[in-house]
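In the two complexes that follow, chain A is the common piece, with chain B as its partner first and chain C second.
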Partner chain A sequence: MIATLQNGRHGPLALGALLLVAWPLVFSTPYDLRVFTLAGIYALLVLGYQFVFGHAGALALTQGAFFGLGAYVTGILGARYGQGFLVTFPLSIALPVLLAAVVAAPVLRLETHYFALATLGIAQVLLLVCLLAEPLTGGANGIPGVPGVEILGLSLPRGWPLLLFVWAWVIAGAFVAQRITGGLYGKAFQLMRASATAAQCVGIDIARLRLRTFLFSAAYAGAAGALFVHTLRVVSPEALEFHVMVAVLAMTVVGGRTRIAGAIVGAVLLVHLPEWFRFLESYYLIAYGVALLAMIVLAPDGLVGELERRWPQAPETLPTAEPLPPRSKLIPREPLLAVSDLRKRFGGVRAVDGVSLALKRGEIVGLIGPNGSGKTTLINVITGLLQAENGAVRFAGEPLGGLRPDTIARRGLARTFQNLDLVDELTAIDNVAVARAAFEGAGLRQALLAVGRDPTLERARRQARFLLERIGLGEEMGRPCGDLPHGTRRRVEIARALALQPSLLLLDEPAAGLSESEQADLARRVEILRDDGITMLIVEHNMPFLMPLADRLICLNVGRVIANGTPEEVQADPRVIEAYLGRRGEQA
Partner chain B sequence: MRRFIALAVGFLTLAPVSVVAADASIPVLVPITGFLSLEGTSQRNGALLAIKNAPAGVRVTYDVSDTGVAPETAVNALERAISRGPVTAVVASMLGTQMLAMLPVAQENKVPLVTVSGTASITERNNPYVFRFFPGDAVVKAAHIRYAAEELRARRAALIYQTTAYGQSGRQHLQENAHKAGIEIVFEESIEVAVRDMSPVLGKAKAANPDVLLLHLHAPSTALVIRQAAAMNLRLPIVSGSAMHQPPTAALLEPAELAGVCAETNASPVSGGTPEADRFLEQYRREFNAEPDGFALGQYDGVMMVLEAVAKGASNAAAVTQALSTGSHKGVAMTYRSDGKGNMAHSAVIVCYDGQTRVPRIAKRYDEILAVTR
Partner chain C sequence: MLQVLVNSLALGSAYALLALGFVLILNAVNAVNFAQGDLVMAGGFVAVAFGMLLPVPGIVLLPLVLVVMALIGRALAAVAYFPLKSRPPVSVFISTIAVGIILQNLANALFGAEPRAAPPLFAGGLVELGGIVVSRQALAIIAVAAVMIAAQYVLFQRTALGRRLRATAQDREMAEALGIRVNHVIAATFAIAAAYAGAAGLLLANTFFVTPTDGGNYILKAYIAVVIGGWGSVPGAVVGALLIALFEVMLPSLPLIVPGLAGLPGASWLFSQTIATILLYLMLLVVLVVRPQGLFGEAVQRRA
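Up next, the complex of A and B:
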């Protein structure tokens, strides 16, 4: 029997749900019902935006545009062509998704502010098209007379029926979002948001994941836009304007960017807040702005995040350990890793300059060299994070050139990072479990079809416990990684790499920041891994740690291999001494 | 018995015209923030002044709500006002898209909307609850073109309009009227509210060799175009939309930059002319420490018509709706009566600046320009 990992906060959640249900029962004038209906529509919009902004961590400014597009599809088909909800609603979802798919190819390659600007540009183009395509869209006047929701001849009046209908969609949207993000597939989103590089290196195809978050966002926005038009009965360019995007962004931040309850809290609060301040007449926007600012400053993780901080989750009951299933062995070709004449330059700097080396199966090879000698660049090229300009890398006889990092990782080539790349808010066990996503079949279909708790996540957690115990972690594996000491975090990262069941493990300065006792413990664990048949390339400056472990040392200097041999040979090599200490004459 | 019935009938007949204490609830739902804040504030001030001048015996309760520029905000404000109790009439936003969104709610609740929105098809939707106290585009754009054609003898016009509902609606009427008046539109371009550099569009307009420049823009864009046209020494007469007649728009420009600029509007309170207009001007300045424009005056007249109906016994929204639909009202700017669709204002004026002051003179008045027969 697997112990449950989710066991806290049921009280506040139940209270929140009760308040949500009680609200329209207490405040039930047509005005109250209308505002609450609008809050539901925005909640659906924010639930969608959480995918791309919250889970993928991308500041997309298209959510308002997708919302407006969905609204126009319903407006045009409903008012001009007399189509009912069963036709307009699916199309209001489909067209924004289609647009998202079309624009995804160019914009999803962009990062940070470039991505934000590109998405803003798309929204502006859509707005202009809408203004200028007057015969179709009604231009700046928009299209009045949009019918309410009509299904099979039954029309849904405003007030309670429309409110319940909208909130039924919110519940459905929240359920789907929970299925997608609550399991092992959802953990992959979290890792991608924290570190796209780390996600790639544990076998996660982040391009596909990003695309899906973008499409999910568009689908939710289209649905919200359709419901909005049925509520307002008019569609006009204001639905596409930037203020919608700003409102959604504010709701997402105020509620909590990744929490489903946060989407609802943010929407309900921010839709009602201006209404509550109406009595201030022309000053209400100032009051609204101050309240918004206060919420963001006082609860930077959102109101739901703040609640979670104040009423933290009870310590998790750890699952029982489960060994990883045997992985199909690679064909035993030697060498396991062969690098030949590899070159990589950054502008005028030759970071890797004609490096050739080979690793035999079961070896521990130390890669040393002064700072800036090209060690990390070499690892990044081998793992696919950087593309070489020249040369070849073969792993178990297969060329790796041109392959994505996630593909390389899934072939059994794992790595750790010089600077720890873990998800602070996830427990150690989940940080490791997420690396099983590619092997446990975690995906969209599986997430949506799973009944009850995600079985892939449960299994991955059991396997993660097995790996963490193997490298010496105890009860602390149930704590968030951000709370763990540096040495423990190092071991978590190694366990995460081991979750890929690698044939070759590249460790980038694993002893950095560890105490002597931690170093000794790590060395013991590394030897155990070698005994299990894992080949290792260890980048390290710490010679007392590395010398007893390594079968062989390779020394790089200014991007070139200057020595390759047993630790004793390399240590005594005058070129190595010169690279570290400089020439005698220079010293003098 | 006959005597009693006669007395009773006499009493009932007299009751509507005898002024006794009457209550009216008139929420003021106007855009005080956003790009229409200038016009929305005029609307509010005009309405509040009318409420202050309510006929003797009429007690008015009101509250002011900002509708911003989003349709849903306006509808929320309307629903809120209606939810609070019986409403006599609503002073409704002049933004066309907000009006279009409010119309179904007003119809469902049978509440008359009194507005100065001159744009969009708000009176073409067979909704008996909308009353527009500012001449619609059909009226003012007819005056706009007639002035250009008859007084300026223009034959080739360049047209610059806004990308908003206001701009697109005006452009359509300007084109139709220009065609009828034999004016060829040799250049036209729409500009966004956010555009600040007007020199490219003015350069292109000049290159088309027009003999008049027609503007149909919101206040900030109007001021920018006129300033930059003066800087470029365009040497073209300009006939602008109603935004130019607003004193705050003129305040953005030097008097010399206004030389040769005219504008259409319903009225220009700052230009004076009648004792009623002078009294309105003086009271408005005293109450709000600001200069009134045609929107303020139109809204003032509209609310006064509602209040007079209340004073005459229209005790609820239905009765006020009936009074607005069938009655007439001699306001400060003009005499108002419905054309059956809720268009109450049928006169327009053209005001022109002499280059010496920021106060325009009324250059031409067009009454019953569409020959309304009702």
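Up next, the complex of A and C:
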């Protein structure tokens, strides 16, 4: 919300806030107030769901279950054991978080459909267990007589007091969510959602990030569940049923998956929708389905996303450039990179079949070979994206085997991708800035404690400008990457890799798709990088680009090194010519 | 014992039709059709509606149900798949949830929340077969489902349409390049999948009745069958469906088969439908975590 304000959307946002405040003042029968209170509860639930579904991009179907669990904790402790809000509320948050933490380890590494099913299974088990454990949960009938909110002997009456209490939690929840997702840490979410691989390769620990989104979702859901029970004064298995999950999903889709305003708009709208469509009588729930379908088809970014498209934000003023702080240099140990007898197979195909090579500090080495010779696989193994079956990779003397890609990246081994892997919606500046997340200390505590705009994001942006200027970008760095031409995007990706202040840079076909003048420009900048002390391994087919640049060429064929020497030697090597056959003539 | 086996086979064959439709769409468009369970429910109600108009046995209604459901499937593709085909698969997941909500509430508005029964396939009652007494309906379900599964096999393996369907499932872009009208093929897949789900609805709606909220339960069964059988494998889905039904029917019947068990403390609690379902989900979670490629291996290579 705060960031949106600062981006100059005061008008629509202030209007929205005004409407929100005016609503319960105008529609103020006890029934209206109750519906509006429920809308607040759902807004909190959706705010939580945005972490895992919106920011992490994972279709978790557990949000309803966490909500129900929070509801039952408050219901059981409140009605059966007479506990007050100060005991029940923290426990209603803690138990769903605990459950999330327990199931996270096996479930979070599953892919899309499996993940959705596994989380759905967990939710169903919880519902059935609740139905079975009748002595504790009251079975299908639930537990009546849950007290309202009672704090230190004071009890909060229904109507306005409860409404304000619930919406105070919504505001608090929105504030925390804004702090977590609005700064540099939030940009890391965005990159992870667009490409988990790219996120890992700029040093972001995506497993930890995913886990946190899941836990946050559970915490918000538990809180919403507790408030729900205080509002209804009964808890029943309905709170655990799948339609709660469907409602949350619909609200998130309708409002917008990552926008705080979207959570509130979605919840207020869909909670009231059945009221408005009541004249349709038994058909009103159909309208609900139609609305969801229409939104997903017509406005995939939700209502708030649509509004943002109508009123695009003013382009941000570019930050001033700021050089990166010096990075403690690695102990100069030779060779910088040593690969020995590396093997990687896919099924029966030996993609990398016993490759050994070494890179000296300050060298530019070209890695050539026909398509399918194992060049990209080799890079993927070196950067930790793939695990080798055999062999070792040592970087500055340290073995890299078994390390995660983000750890390897943080040690100073950066790469670019053959098929550009940038976030289209983010500006070039932010695409580069996000790679500073691991170094600028962007984290949860940092994000929560920051005052005003996230200072780490501001600094990372200044550094990003510095890097982008070095690689030759001008004013266009403030535009979304999706709008930039191919050659510029290539350079943005190189700048992003440079943000890791790497000792070794692996470039996967950097000249592909570039015009001749762009190639010449790129070659010049690569030489400057070398003069700055960055060692480079360049995978490339384009010999005219590579020949004058490389100190040495290594040629792969069917997963093996067939030549290794000066460019002239390798180019003249009969085995290399044979490997390429007619291909070289056409390229040279 | 044999009686239990026949019953679980009957339930399993209906599940198999459902899972088959699920996996056909999955293979054709690489997306989960979450409305598949609601299509079963819809098929049940279509059968109930025709049964009210025409006092004929279910087998006569079957072609009518298949046609109506195929049209519904075609409509499903038109509203929930084609507008979203260039979006991430999760969009289709959500759009089919939306269609599920619509179907469910439409059924509720038209027929009410009370359970309804469709006419039996031939006739109700029991029949003695080699010394055991089984219900006619169970036998009829097995026979009809077996014919339909065989028909699907023949359609896919022996006809030109089947070749196009398989080519589209394997590599859509390649199929398009070869001149296959991929959109027609995908629409046909949705129609077939919905028709099969509808048939399952007709088969189940006599013995187990049909209520508007049944869909959620069925989609889980289809989903689980496809995971157990190996994501994308057609025979795997059928086997998975049979295994699920076997387990569901067997566990509550165990005390009948092994009389000693009935005397155990908590037997009526343990050998219940609910516990069977909980165990089924727990097994599913174990399969997902330990062997995500399913018990029989994954048929489709997930595209990286």
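Here is the rule we use: the second predicted complex is superposed on the first by the 575 of 588 C-alpha atoms of A that agree within 3 Å, B and C clash if a C-alpha of one lies under 4 Å from a C-alpha of the other, contacts with A are read in each partner's own complex, and residues count from 1 in each chain.
Operating definition for what follows: contacts are C-beta pairs under 8 Å (C-beta built on N, C-alpha and C of every residue); 3 or more make two chains touch, one makes a residue touch a chain.
All values derive from a computational prediction rather than experimental measurement.
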Open item on the list: Please determine, from the superposition on chain A, whether chain B and chain C clash or fit.
Closed with: clash
- [ ] Go through the superposed model and pick first if A:Val290 touches only chain B, second if only chain C, both, or neither.
- [x] second
TODO: Scan A:Val253 for contacts with chain B and chain C and give back first, second, both or neither.
DONE: second
- [ ] Give one of first, second, both or neither to describe whether A:Leu59 is in contact with chain B, with chain C, with both, or with none.
- [x] second
TODO: State whether A:Gly482 touches chain B only (first), chain C only (second), both chains, or neither.
DONE: neither
Task: Contacts of A:Ala118 with chain B and chain C, given as first, second, both or neither - done: second
TODO: Examine A:Leu232 and indicate which partner it touches, taking first as chain B and second as chain C; both and neither are also allowed.
DONE: first
Open item on the list: Quick one: is A:Phe242 in contact with chain B, with chain C, with both, or with neither? Answer first, second, both or neither.
Closed with: second
Open item on the list: Applying the document's definition of touch, where does A:Glu275 land relative to chain B and chain C: first, second, both, or neither?
Closed with: first
Open item on the list: Just checking: does A:Val129 make contact with chain B only, chain C only, both, or neither of them? Give me first, second, both or neither.
Closed with: second
- [ ] Could you pull out which residues of chain A sit against chain B in one structure and against chain C in the other?
- [x] 128, 131-132, 282, 285
- [ ] Would you pull the chain B residues touching chain A in the complex into a rising list?
- [x] 32-33, 63-66, 69-73, 75-77, 79-80, 82-83, 96-97, 100-101, 103-104, 108, 119-121, 125, 163-169, 190
- [ ] Would you mind writing out the residues of chain C in touch with chain A in their complex?
- [x] 32, 79-80, 83-84, 87, 89-91, 93-95, 97-102, 104-106, 108-109, 216, 220, 223-224, 227, 231, 269, 274-275, 277-278, 281-282, 284-285, 288-289, 292, 302
Task: chain A residues within the chain B interface of the complex - done: 29-32, 34-35, 38, 128, 131-132, 134, 139-142, 144-145, 158, 228, 231-234, 236-238, 243, 274-275, 278-279, 281-282, 284-285
Task: Residue numbers on chain A that touch chain C, as the complex places them - done: 59, 106-107, 110-114, 116-118, 120-122, 124-125, 128-129, 131-132, 242, 246, 249-250, 253, 282-283, 285-286, 288-290, 292-293, 296-297, 300
